[in-house]
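Below is the structure I would like to discuss, written out as C-alpha cells.
Letters A, B and C name the chains as they come in the text, with residue numbers starting at 1 for each one.
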Amino acid sequence: MKQVLEGSHAVAEAVRLARTQVISAYPITPQTHIVERLSEYCADSTLAARFLRVESEHSALAALIGAATCGVRTFTATSSQGLALMHELLHWASAARLPIVMANVNRAMAPGWNIWADQTDSLAQRDTGWIQLYCEHSQEVLDTTIQAFRLAEWLNLPVMVNLDAFFLSHTYEPVDLPKQNVVDRFLPPYQPRFQLDTEYPCAFNQLAPPNIYMEMRHNIQTAMDEGLAFFDQVEDEFEDIFGRRYGSLEAVHCKDAEVILITSGTVTSTSRQVLTKLRKKGEKVGLLKIKLFRPFPLKAIRELTASAKKVAVVDRNFSFGASGIFAQEIRAALCNHPGHPLVYGYVAGLGGRDVTTAVVEEIYRLTKGNDMPQQESIWVGLHEVDHAIGQS
Amino acid sequence: MASQQPLTTRSPLIIPCSYLTTEGNKTGSWRFLRPQYEEKTSPCSSACPSGEDIARIQMLTAQGSFKEAWETILMENPFPGVCGRVCYHPCELQCNRREFDETIAIHTIERFLADTASRYELKFGLDKLPEKKQKVAVIGSGPSGLAAAYFLALLGYQSDVFEALPEPGGVLRWGIPHYRLPPNILNEEVSRLQDFGVRIHCSKPVSRKFLKEAKNNYDAIFLGCGHSQSLPLSIPGEDLPGVKNGLDFLKKIRRGDIPALRGTVAVIGGGNTAIDAARSAVRLGSKVILVYRRRQQDMPAFAEEVEMALEEGIEIRELETPVEIESQKKDLVVTLQKMRVAQEDPQGRARIKPEGKKRKKIRVQHLLIAVGSSAAEDWYDLPGKKRGVIKLNNCVLVHRSREPALVYGGDLTASIKSVVHAVASGKEAAMALDVLFREGPGTIESTLKACLVGIGPSLSMEIYLGGPRVKRSHSIVSYDNLNTDYFRFAPAISQPRLLREERLQSFAEINLKIGASLAIRESERCFNCGICNQCDNCQLFCPEIAVIRDQNPQGRHINYEYCKGCGLCVVECPRNAMALEEERS
Amino acid sequence: MQLDNLEREYMCPGHVGCPGCGAAIAMRFVLKALGEKTIMIIPACCWSIIAGPYPQSTLKIPVLHTAFETGGAVASGVRAAEDIKGDSETTVVTWAGDGGTFDIGFQALSGAVERNENFIYFCYDNEAYMNTGVQRSSSTPYGAWTTTTPGQQWKRLRKKNIVEALVAHRIAYAATASIAFPEDLIRKVTKAKSITGARFIHIFSSCPTGWGMPSEMSIKIARMAVQTNIFPLYEVEEGIRYTINFTPKGYLVNEYFRLQGRFKHLNEKDLAHIQEMVDEDWNLLLRKAGSRPEIS
C-alpha cells in the first residue's frame, strides 16, 4: 500500500513493523518526527513497546544497552550532537555485542548551531563498531530499517541507519508500506544468544584483561567480515518477499565509465540526474552509490571501479587536516589494487548547503579536466566571506 | 520459509561474560595477619577463689540451660546453694560490666541455679575418674573438708570424713545463722556429696593418736578442722557469767538452746561472727550494741552484712574497745576506751591508738566476744619451713616417706576466712594429692600452676581434668578488650529481700528466690568476657565469606584459603573471644 | 529482624576487594535481603574490579557492568525489558559508588528517579574515587585528604547531601544505611523491595585503603559515623515522611576523625568547625522529622 511519508515517518513505520520492544530517545532536531510518531504509536498501543523518555542521548543508548542485554528488540533515534554525546556508549553497545538499531538523521555539528544535512556526525563514529547504512530516499529508509534488525540480531552488532536531515527526514515521498504479516515473515522475533537471566546468572562486560581483550575485538571484526556476505543474503530474502533490493553498493553505468562519481545519501539522487544528462551527451560517466559504509565493501568497490580511469568522491563530510571521509576510504580501498583509478575528492554541501546538479556537473568537469588530483579534497562552491577576525 | 533458517554460518561470540565464580582465587595468600578463635579468661572467674567458670555459667543461664549451668558450678564448687547465699562474691568486684553500668548479680544467679536444681531435683552428671587405690582421711566436715572429699571422689579416691560434732557442716552448720543459710540447703548439698560417694563419720573427734594410727589405713590426711577456738579479750571481768563467746552463742542458737534474749547485748568485734551474733541477738528480741576498735569501714565483716545489721537497728560504736567488765546486780558495766586513728596501712585499714584516758561506761545485760578464733588443738598448727613441706596457695602439704601425707587446709591456712576460700583449699588439696600419688611431690607445683584460672591464685578442676576450658588463654579480658557497642545499658536486678520488719520477727531467710525470667534477663546482661556465645558477628561481618558454620563445638571455623586477614571478626567480637596474630609464613 | 533467616549467600569467596572492604560487606548484606530474583547493574566503581575479571563473577545473580555515568539509565532499560517480557518478579537494582552516583551518574540517576523508574538504586559510599586511587568526589567530606586534595589543599567543602537531593524528586523511598547496622540495613532493603517506583539506599561503606585506617576498623568507623551524627540513619517515604532510625548517644566527632589518616592534618579548630556543621545538619534533619532541634 503506497503512502506519502516523511523520511522520519518511514523510520517510525519500520520500527513499528519490526515489533520493537523497547524504545529510548531524547529529542533533537531533526530527529523529532521519528520519536513523536513512535510516541503516538506507543501511546495508542499501535506498538506494544516501552518508550523511555530519558534525559539525554547518553541515557537513551544506556537504557537500550540495559534492555538489549535482557534480549529484547530495541531502537533509538538521534542526530549530530546527540550522536556525539552517545559516543562512549556506541563503543559499549558494539563491544557488548548488542543488536541495537538506531536511526541517525545526518546533521552538522556545532558550532555555530546548524541543524542541516551533513554526514560528519555519523562518519566521526566510524570506528565505534557499528554497522553504518546510508539511505537515499524514504522507501529505502523504511526497507533498510527493517533489514537493520535482521543484520543486528544475526551478527550481534548494532546498526546505524543514516538519513540526511530535511532532504530526507522532512521530505514527503510516496512509500510502499508493507503489511505487518509480511514483515513478520521477514523479521521473526528476536532470539538472543545471551541475556540477563536469574535462572542462569552471569556477569556481562566485566574486566577483560590483556589476555582476552584482543580476541574479543577480533571477534567483532570477524562478525563485520561475515556481515558483508550476510547483508547480501538479507537483501536476497528481502527481495523475495518485498520485490525490492538496494545492494551494499549500487553501480550505475560503471562498466564502461571512464569517470565514476561516488556518492552516498541524497546527493545520489541529484547525481542520477546529472548522470542521465551527461550520458545523453555521450560522456563516459558512471555512478557508484555507497550504502553500506561499515563493514566497508572493499572488494566490491575495487571490482566495480576496476575499469574506470578516475573516480570522483563527493563528500558531505570532512575530516579536518585530511580530506573527505569517503574519499579517504576509497583511496585506502584502492591503494593495494594494481592499476586502480585516480581518486578525486570533493567536499560539498556541508551544513545543509544544496548540492545542486550544477555542483555535481562542476565536480565531473573538474575531474575530467585534470589529469592528476590537485589536492586531497577540493571544496566546491566556497563563497567569499565579508568579515574575518584579524582581517586587515 | 527462508527466514526461519540460518542464512549463513556465523562465528561463536567471544564476549565479556562470566562462566566461573571467583572461588579459584585463593585470596588467603594475601594474609599477613591471622584471626583465630581464642577464648580467654573472664576477670570474674579469675577473682572467684574457687575459679568458677562464671562467664560460661551466665551464658548457659541466659540460654535457659540451667542444669548445664549448675553442673558447670559443680565442676569447681560443690556448694552452689551455700555459696549462692553466703559467699561474699569477690567476682562481682571484678565484673567488667561495672565500667559500663553495674556488675552482673553473679551471686544471685548462682543461688537461682541452686534453687532450680533443688526444685526440680536435678541429678548432676559429673563422671568420676576410675577408682584409685589410695585412701584419704579428712578431718572436719566444714566446707574445706567436704570440698576436699568431694574433689578426691571426683578424681577417683575414697575418703573418710571425720566430724567431731553430731552433724556435718562445720562452720556452715554451727557458725552461720539460718537467716543467711537455712539448714535444709546445707543438708541438701551435703547429701548430694554423700550420694556422690563421700563418707562422713559424725561424732568422731580425732585425736593426735589417730594421726599416728592413720598410716595403716590412709595414704594421706587432710586437716580441715577450722578455727573453732574463740580468742579471748584478755581484760578483767571476761569470766563473768553474762560474758559469752560469739561462736558458742551461734552454735547454741542453732541447737535451739536460746529461744529468746532480753535486754541489751554488747557484741565486741568487727568480723563476720560478730555481725552474725549481733543480728541473731536482735532476732531473739534484744537491743544490740556492736563495739569495734577500728572504724566501720575497717571491719573484716562483709560490707553488705554490716549494712543490713545497721538496717536492723544495731548500733555500731566504732573506735572503742572494752578495757574492763564489771558486774552490777544483774547487769554488766563495760568500760570502753576511746581509740583514735594513728595512721592507715597500705590497704587503707586504720592503725589505732588509745585516745588518752577518754573512757565511757555502758550498761548491758549480755556481752558477746567475737574478736577472732584460732585452731582448737595445737597439733593443728602449721609446720614451719622444712623439708617435705610444700606451701601452696590455699593449703600446705607435708609429704613424708613411709607416713601418710598431711595437708593443712581450710581456715588453718587461709588468709581470708571465707567459705569459698575453704572450697578452694579443699580443691587444691585434692589436686595436689592426686599429683603426689601419681607422680610424686616434684611436679605438684608446676601441675597446679598450669591449672590456674587466668593468673590465679584460683584453680580450675576442669582445666586439671583437661576439659574444654583447657583451651582458654590465661590472659584476662579487660574492659578495653571488649567491643561494648554491642551491649545496651540495663540496670542489674536487685536481690529481693524480706522487709526489715519481717526480718526482725524470725530467722527466716532474708534473701528471696528470683524467677527464671529475671535470672535469664540478668545473665543476658553478662558480657561473657572471653568466651564465644555464638553471637555470630564474626560470620556476619566477614567480607570474604570465610567464616563457615560447622558442627564442631566452636560452631564455626575460618576458611584460611580465602581469609585475607582483615581482622574485622576479631574487632567485632564483642567479647574478645578471638585473636589476631601475625601470620607465620 | 532475624538475620538467621538470611543464611543464603549470594557472593562467593575469592573476590578481589581489599581486606576489610566495606563495599564487599554492604553487597553481602544487600543481596541477602534481595534474594536470587535480582538483576544488578554495576557502573564503573570499585565493584567493577571486586566482582572479578573475565571469566569470573563473584555474584550469584545476573550482573551487567556498565559505563560510569549510566547507573540510572541502564537500570531503566533493564526494567523496561523485563516488563515487556512479563517479568514483574525480578528486582532491578543499580549498585554504584559515590562517584557514579553523586557526580558523573547524577544526571542519569535524577532522570530515572524523576521518571519514577521501578528499581532500587544503591550507592555504596566510600567518599572518594577509591578505585582510581583516592581522588575527591562530591561525596568526600569536609576536611578529608585525597590524592587530588593533598596537603593544605584538603577539601574545605561540604559533602553533597544526596538523599536530600533525591527527596526533592519526591522519590518513593530513600534511606541511609550503614554496614555497621546490618539489621537496619537489611530491613530497609527488604522494605525498599516491597515498594514500587524509584528507591534509593545510601550505604556508608568504609574504605580502609582510602581512609588510612587499619582494615579491622571498618565496621567500628562506620558505627562511629552513625553514633556521632556524621552519617545519621533515616528514611524518607514519598519524599515527605521522615523517620530517624537511630538516636545517637551524643558522641563528639573528634574520635571518629582521630582514627583515620585522611583527617590527620585537622586541628582542634577545624574539628570544632566540623562539629558545628554536623550539629547543624542533624538539627535540620530533626526539624524535617518533626522533632525539636537540640540546642547545642
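To be clear about the criterion, contacts are C-beta pairs under 8 Å (C-beta built on N, C-alpha and C of every residue); 3 or more make two chains touch, one makes a residue touch a chain.
All values reported here derive from a predicted model rather than from experimental measurement.
Contact topology of the protein chains: fully connected, every pair of chains touching.
Distance from the centre of chain C peaks at B, each centre being the average of the chain's Cα atoms.
Here the two chains linked by the largest count of contacting C-beta pairs are A-C. Taking each chain's centre as the mean of its C-alpha atoms, chain B lies 51 Å from chain C. Centre-to-centre, using mean CA coordinates, chain A is 43 Å away from chain C. In whole angstrom, the spacing between the mean C-alpha positions of chain A and chain B is 91. In chain B, the residues that reach two or more other chains under the touch definition are 16-19. In chain C, the residues that reach two or more other chains under the touch definition are 51-52, 54-57, 60, 63, 65.
Of all residues in chain A, those touching 2 or more other chains are 202-208, 212, listed in ascending order. Partner chain B is touched in their complex by these residues of chain C: 3, 9, 11-17, 19-22, 24-25, 28, 51-52, 54-58, 60, 63, 65, 179, 182, 208, 214-220, 223. Interface residues of chain B facing chain C in the complex, by the touch rule stated above, are 16-27, 30-31, 483, 485, 536, 540-541, 543-546, 559, 561-562, 564-568, 570-572, 580.
Every residue of chain B that touches chain A in the complex is listed here, in rising order: 1-4, 7-8, 10-11, 13-19.
Remark: chain A residues 21-22, 24, 48-50, 52-56, 58-60, 62-72, 74, 88-89, 92, 196-198, 200-209, 212 touch chain C in the complex.
Against chain B, in their complex, chain A makes its touches with residues 95-97, 154-156, 185-188, 193-194, 202-208, 212, 215-216, 218-219, 222-223, 226, 229-230, 233-234, 237, 240.
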